[in-house]
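Two complexes follow with subunit A in common, the first pairing it with subunit B and the second with subunit C.
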Partner chain A sequence: MTATAEHAAEDGMGPAPRAPWAVIGRAMLQALLVAMAVLVLYPLAWMALNGFRSNTEIFNDPFALPQHWSFAAYAAAWQNGVSQFVASSLLVTGVSIVTTVFISAWAAYGLTRTRIPGQPLVTGFILGGMMLSPTVALVPLVRMMQDFGLYNTHWALILLYTAFRVPFTTFLIRAYMLDLPRDLDEAARMDGASEGQIFRRIILPLCRPILVSCVILHILFAWNEYLFAMIFTNSPSTQTLPVGLTSLMSKHGTDFAQVFAAMTISALPIVIVFFLTQRYFVRGLTEGIGK
Partner chain B sequence: MAHLTLRDVRKTYGHMEVLHGIDLDIPSGEFVVFVGPSGCGKSTLLRSIAGLEEISSGEFRLDGRLMNRVAPARRGIAMVFQSYALYPHMTVFDNMAFGLKIAGLPRREIRARIERAAESLQLAPYLDRFPKALSGGQRQRVAIGRAIVRDPKVFLFDEPLSNLDAALRVATRIEIARLKQAMPGTTMIYVTHDQVEAMTLADRIVVMNGGSIEQVGTPLELYRTPANLFVARFIGSPAMNVIGAESLGGTAVALDGGGITSAAAPLARGARVQFGIRPEDLVPAPAAGAPFRGRIALVEQLGEVQMVHVELDGTGAPLVAKLAGTLELAAGDAIALGHAPEAAHLFGADGDRLRPAARSAA
Partner chain C sequence: MARSSSLQFDGAAPAGSAVPELRLPRLAEQLLSWRWVALAVLIVGWFVYYPIIDNFRVSTTTQDIFTGEVQHVGLENYARLAGDPVVLTALFNNLAYAVLSIVFQVFGAFVLASIIEDIASHRMRNLWRAIYFIPSAISTTVTGLLFYFIYQPDIGILDGLLTAAGLGGWSRAWLGDQSTAIYAVIAMSQWQGFGYSTLLFTIAIQKIPRDLYDAARMDGAGPLRQLWSVTLPMTREMTGMMIIVTITGAFQVFNEVMVMTSGGPNNSSQVLGTWLYQMGFSQNEMGYAAAIGSLIFAVTMACGLAQLWHTRRRRVAA
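Moving on, here comes the complex of A and B:
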């Protein structure tokens, strides 16, 4: 959407006179984009604003703006477990980002830069992991985690998120690395660099755009993941935001102000991340898949 | 100071043999050029010397030490890549410093070496720039600088000029020749498919074809006494004319199509040979008795000289002559050409030179 909007903006800068149908077409396109933006933004804004009102106000007039801004609902939500859920989500997302991206980058480096016997098979095996459905694997995974003593810990989620996201992340990074000229590795080898040094000091820095994309994609996944979080954690101290919010709703289901506040808090980080990195996001993704 | 010895070096990819037993000695301090058509294995040979490719069989020795399994960085060899292969995320300084840092040189020593190299390559103002902010020629010099600072015993270049435009190519060629003069003890191996680069730069040229060495010699040796038809055609521009012929006994040779000419040395009567004559060795001759008679198909006037493309009478075979630019010639004219007997090159049916010819008129 961003790319289209930018394009439209660029088009508008040309001083050349335009055919009437072009102007109409452009106006219609812009109207469509505005409509889509409203469609997406309105519910979010409504949710965030209602967090500043009281439950009674919401019931009296659901669509009014807040009269006096009250942080009571936000504070209540924060104390009723949202702070714990946020901490869990931050921890699980943060650690699994590091493990996933690092393992994937190493794997992609191995798959693109070394001669290993049966390489196509190994590549197929790793990338084939993308086909694996989490739902199908649930029962054995639960048994495994119980056996490992990891059930209802953050580690269970970190492990699962890493395992299930490594194939896709490897796929993206591998595509990018395939396009990096091999001469660079060879120049570094002539310069005396070891495999590890080539990876860390040459290839990894050059992969930054795709790594940023992978981090963002992983945040989007891990922050919102529900299935594993619901099944592998069951106490407020380990639950992440999506699961925690559901339990909050079942406990304080009638206190809509608090629920809205909790939801707003949980959505906020991801919105911020997206706006901070959207340039990278759009560019890196197309670059990675492009060829 | 480093001399290289290659003995029966072979390289195979899968089932395909790319180098078919290379034997070569390169003395210390020599500037050697590998030249040959695209795909003949020049880069593969160079990369085997660098250690980027492992030799499948045979031996490569550097100062007598077997190098087959020595890591590239430990061979004392530096290489300038065709693409330059500068690290795009590092400044010019860091590009040059990378190898030195890995080797664990003290910071001050690194700085001193880089400043010295930058000075001689006119890169001093650009040390803080990234490669993308440099021109092609500057990038080329950074690539050379990165090799120089390592103070290598052997310097390898893989088609270093092929990414530059014509004017810059000449300038850089001269710069490389200067670089060689400034480093007399350093052995240099230079790969190119351009015979002009080979002729102008080399102490000795190695002509390669299809994964084998055709001939090794100084530029003039190759020009004057090519060992076979391939070298004869490859060295010299425009390429040598080659015409089928038969010996009439003595030095007389009957060319296919009717002309009769003489070679410098006698041949057995009736022998089938290939008769070679360089375009610059042909001169206008009186029509009667001229070995080459034909019609001008095309004239490329270069001012000082003109390339005259002739269609020979009888066979219609093409012949190129490099004649003085002052002659009035036009397409469609009849022309007769002759040559000095010493200028003739004779090759057997297998393409090998029949006997060392006397010196060709240059």
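Moving on, here comes the complex of A and C:
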């Protein structure tokens, strides 16, 4: 059948009138897209729904839907530490957004709008940090954090998230600033505006789109970061969600419903943030890799 | 050019200027401009560069983190690295991670992105992209735990699905079996990551001028031919970049392995990151852990330089 169809296409007038095999092909590709979506969504739905079931239900039939929707597991997870983990995650993510974005915006301004002695070297130094992997720095960092008395504090994470994200964030903002026309800041400089005023009143507002992208990419990073959080925090009051989840797992690992509920609570905010800010998200990613 | 105008202004400042301003000498002004970058340089230097350099010093010692006792042992840790069978397993696993991720997250995602761009309507394109991206937005701890449960023989759904598909004979403790543990982890990682690269490829494909496709169609090229002769060459830069980023990522893998198997059973799913962790933080062998860190550094640095070279070449060509 395909053979004759192919012949028809070759003999015929090109792709305009769709040959039957092309229709079938498209239908199969559509089916593939749907199948991939199911592959992505089904495990996530399974996770969220298991949070509404009881342990025995999960055991008896892993596939079944919740029989009576119970919030018990979600409530238990929330009380067994998840509320604290959420608070830590919010604090660490929130503070490190501010520090990272401001330090990076300052640096990007300095690198694109002022004459710094040794500017190419400074650029290379800051952006070069992108190539360095956190794993490699881990052993010396433990000693450093202990010496500073920052071990098992939120500050350790805030400092490290800032330090390891400033290079990438500066890279994004710098690229954006390089493309901004210089007429506006030149005009302001003529009017006697100081560097600080030019930065605050002119450049920063113009950079808003990329700053939003940076904030969102930072949220994605800080909310989900695991390596540093696992090494540098070890008590329920300092642990962020990704590490908190593993300690909840080791304490209440047999209460599956509760673990599933905790996982869902952890995943939901970031999925919502992603859907609300998709446009900026995509821009940040595009700038980051496609520039 | 822009600068000269401001200099002119400095020189020609009217005597009775409304804003009497003290102009600093040039050198001082240049030094003062350092204040913009000072914080970034300080924090990156202190917490990114310094520890990585210090890692090499630590790697030539053996030290006890609790007693603080330090002995200088030269390259002994590196000799041990070369003879450590687990390091070999870890290298193999990192490499398997890289190869399979290139197959699924670079080439698989490329094909998927082409399909989306080819047959989906504008609205549906964004929807598919967004759905596929969801797992990438979620923390690897959550996705890792999720698949840990999915792979469980009692409450997991994988074995149930296999049985339903008549493949019940394939059922096993996926994470508990030495021959499948690392591949089960890698499979989860593909599930989590393919949407991210699909998204990036759709962006790259959208940048290709439409008339190239029109011209190809005029020449009688079918969809596959267009994929091969237009889409692939036009996204080569993105593909090259993605391959390098994927390899770098594969050698930094930690979270998913830690959550799903902790490197077990019997070290069969160790990767360099988890082995470093186990040596440094469970066995208290910081010097040896630092040597493993140097190995990770060498591989990721090579990838980073390749990436830099790749970008430079593209800039020059453009």
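We take it that the second predicted complex is superposed on the first by the 250 of 291 C-alpha atoms of A that agree within 3 Å, B and C clash if a C-alpha of one lies under 4 Å from a C-alpha of the other, contacts with A are read in each partner's own complex, and residues count from 1 in each chain.
Everything below uses one rule, namely that a residue touches a chain if its C-beta (ideal position, glycine included) is under 8 Å from a C-beta of that chain, and two chains touch if they have at least 3 such contacts.
Predicted, not measured: the structure shown is a model, and the values here were computed from it.
In the superposed pair of complexes, A:76 makes contact with neither subunit B nor subunit C. Of the two partner chains, neither subunit B nor subunit C is touched by A:90. Of the two partner chains placed around the shared chain by superposition, subunit C is the only one that A:32 touches, whereas subunit B remains out of contact.
Comparing subunit B with subunit C, more residues of subunit A are touched by C. Contact with both subunit B and subunit C is seen for A:186 once the two complexes are overlaid on the shared chain.
Contacts of A:49 after superposition: neither subunit B nor subunit C is touched. In the overlay built on the shared chain, the residue A:175 is in contact with neither subunit B nor subunit C. When the two structures are aligned on the shared chain, A:202 is found in touch with subunit B, with no touch to subunit C. Within subunit A, the residues touching subunit B in one complex and subunit C in the other are 186, 189-190, 192. Those residues of subunit A lying in contact with subunit C across their complex are 9, 14-15, 25-26, 29-30, 32-33, 36-37, 39-41, 43-44, 46-47, 58-59, 62-63, 103-104, 106-107, 109-111, 114-117, 122, 125-126, 129-144, 159-160, 162-164, 166-167, 170, 182, 186, 189-190, 192, 195, 220, 223-224, 226-227, 230-231, 241-243, 245-246, 249, 256, 259-260, 263, 266-267, 270-271, 273-275, 278, 282, 285-286, 289-290. By the touch rule above, subunit A contacts subunit B in their complex via residues 181, 183-184, 186-193, 197, 201-202, 205-206. Chain contact summary for the complex, subunit C toward subunit A: residues 2-3, 5-6, 9, 17-19, 21, 29-31, 33-37, 39-41, 43-52, 54-55, 58, 65, 112, 115-116, 118-120, 126, 128, 130-135, 137-142, 145-147, 149-150, 154-157, 160, 191, 195-196, 199-200, 203-204, 217, 220, 222-223, 238, 241-242, 245, 248, 252, 254-255, 258-259, 272-273, 276-277, 280-281, 286, 289-290, 293-294, 296-297, 300-301, 304-305, 307-308.
Residues 50-52, 71-74, 77-79, 81-83, 85-89, 98-99, 102-103, 146, 150 of subunit B touch subunit A in their complex.
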